[in-house]
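Two complexes come next, and they have one chain in common, subunit A, joined by subunit B in the first and subunit C in the second.
Then we have the complex of A and B:
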């Protein structure tokens, strides 16, 4: 299956589409529900997958993705491996402000289960000039807040904020 | 016992450390060593670790003292450097701590240990428990209990043991510390929690140091398993065992037992250089184990959490519990734990 490209399809009016990639189904579900619940001025289409590439069947049903979010559970090596292999199947243009990393479970109380160090994920995000969000997703508030942040990013990526391009996104990341 | 630190710093706290110009109140180090504080805040996981070779100092380690430390379960804590600690005043400290225990007992803190028992604390040195010449000498604290009904002349029973050590502490840390500080970052205890609390509080008051619960992350457990996979141990060799916790309800554990010889053969095929271990090699080792397991049971072990590792030299649990199984490798394992303890201390 070919790589996923950012501009291969036409956009739909007032619609932003996001693709959640990650091996933790519960996290994807939680985020998607919270994003749909949030009040917003545009329509959101959420697609999820455990890993890329996406199957060829049903390709015509998919919208144009404005943002790809990689979910990494710091307690699971599998989630990192899935993300790393998925990243190969994404067109390089996506990394110009249209990707974002979400690291979960790095909290103080459960540090002993961490199999991935946070610096590893930070390096990964820095290398790809992408934003890294750290979140626990263990309570309602946290999920809502994370969903809100993703929606803000998505809004910019979909070109729904006049005068601001998602290319500016990389200036928000640390590069040193 | 204060348990504030947990290893990984949140982005907020990192940014605070970076931006504030005068974090002296937070810093438990004096002003002069602020440069090192900065350096530690940007700690990165090392991509390789050296396996230290045994040195003649370790040969001097008393086998009787070593027997005290082996085959027991120890709970780990990290300790900030102690101010004004003197090796010549150990007798005085013993008296002072004994008196503190008596006072605490009268307050009714340690009643669960039998109110008639007379407790006594005893400080001693553990010479030889160091990796290199510049390491500070380790100290052992024992609390013995003597029941009034027991016959005179009977041995006092050891009810609690704790020891401070810091083999292979980085020289950079030791150098920036002023003379008045003693750096023994690793604290291990065995015995009742209430004694740990009393001793911890006493040390905090006497030497202005701070304790933190030390957990061994799954990441570090992997290193531990790999670094000591290839070691020969004399006598009885326990089965190499890895315990994985599956993050589902109800709780479920997977125990992965491997014959030590097989584990060693696998590791010897992976390891390229004899005296160092790289992060790629560690990942490769576990990738092999994961794919083997997946082939037989169709379970992704990589999605589970490694919680316990038992190898020939030691057994470690992620909650900060360790058991040492071999005298020959004791100091080297302690060196690794010291590194984790130093990184656990937040400035």
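Then we have the complex of A and C:
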């Protein structure tokens, strides 16, 4: 029973929890730091890991995850493989707006080093009705901007925006 | 600056000071891991005051100096001498003062442990076991200390195409060279697993470089995926 389920635990008042899944530690840390720094009206808990499933031992300490972000580095086949294997350990209900893909290193100067085609990741996101964000994460501004976007999505997924639920996220994807 | 330049530094430093002020005694001493300079200042009419010397601590490998007991009148001369001796174009005072030289050094050389993200209660690392395993493996393979500086590693492949029977034998072997380059190759290889770029354990083709003292390899088919004949190292 290693599957992560979205509604198994009770939510905490005014707290949103996000799980960052991706092989590159520096990307996870940069985003986490930026998300913590941003001014927000709710408390945030950030958990990070390289891949799912999460270790069984700490399960009772974990919050209810409102959003799972999959980080894919387009320069690294390993990062895509880790994400693909992790996605199988996520309950199907997570894919109703509570997951999000973040693809890095796909722009301008680094296109020639891309091992993974961006269309592969786009297809992956579309098939799972999830948002895809592309970001370079190579300067502070970019990291801050991405963190803000993730926090906006997280706020909705945690039910902290009145009138909007995570099910509305699918309207932001192309296939509908 | 290397050892040869140190005597040049001392000579230039003395020369610059003495070209402006004759009545100054300067002594150099290598103490700990840095160079200590003791300067007793005098004026045109006065002999150098040995009771109020200025001390300068300079680690030649770094762009930092630590100065104590310096009167404002002698500041320009000292700065000029340091610039000219160490061959820098400018010097700037840091907003950092303390009675403890070791602490200053730790702060400036960033030898203290930075407050990390893991101390923040809002952040949880779920993969600590895996991180520990990788850290352990990396330490076993590369050790703890600084690694020798290499810029390249090249692997010459003389392997044949491995495919369907009947086709493979007819195709000429691929001739291919895989080259890794980096400002510090061994450090990059060491950080492959901890940074998440590659899975641990890292391929022995990369980790064997320091152990076998070679960075040019020929890989041929006789023994698959094993470096064979020898070549001169870099």
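Note that the second predicted complex is superposed on the first by the 174 of 176 C-alpha atoms of A that agree within 3 Å, B and C clash if a C-alpha of one lies under 4 Å from a C-alpha of the other, contacts with A are read in each partner's own complex, and residues count from 1 in each chain.
The rule is simple: a contact is a pair of C-beta atoms (placed from the backbone, for glycine too) under 8 Å apart; a residue touches a chain by one contact, two chains touch by 3 or more.
No experiment lies behind these values; they were computed from the predicted model shown.
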Exercise. Will subunit C clash with subunit B on subunit A after the two structures are superposed, or do they fit?
Worked result: clash
Exercise. Given the touch rule stated above, what does A:102 touch, subunit B (first), subunit C (second), both, or neither?
Worked result: neither
Exercise. In the superposed arrangement, does A:45 touch subunit B (first), subunit C (second), both or neither?
Worked result: second
Exercise. If you stack the two complexes on chain A, which partner ends up touching A:23: first (subunit B), second (subunit C), both, or neither?
Worked result: both
Exercise. Touch check for A:77: first (subunit B), second (subunit C), both, or neither?
Worked result: first
For this session: Using the superposition on chain A described above, determine whether A:90 touches subunit B (first), subunit C (second), both, or neither.
Result: neither
For this session: In the overlay, answer first, second, both or neither for which of subunit B and subunit C A:116 touches.
Result: first
Exercise. Counting only touches as set out at the top, which of subunit B and subunit C does A:4 meet: first, second, both, neither?
Worked result: neither
Seminar exercise, completed: Between subunit B and subunit C, more residues of subunit A are touched by C
For this session: Based on the superposed arrangement, let me know which partner A:134 touches: subunit B (first), subunit C (second), both, or neither?
Result: first
Problem set entry | Contact residues common to both interfaces of subunit A (with subunit B and with subunit C) | 23, 76, 78-79
Problem set entry | subunit B to subunit A touching residues, read off their complex | 6-8, 10-11, 44-45, 215-219, 222, 245, 247, 286, 290, 300, 302-307, 318-320
Seminar exercise, completed: As the complex stands, subunit A meets subunit B at residues 23, 75-79, 81, 106, 108-109, 111-120, 134
Seminar exercise, completed: So, in the complex, the side of subunit C touching subunit A is made of residues 117, 120, 122-127, 129-130, 194-199
Exercise. What residues of subunit A sit close enough to touch subunit C in their complex?
Worked result: 19, 22-26, 29, 32-33, 36, 43-51, 54-55, 58, 61-62, 76, 78-79
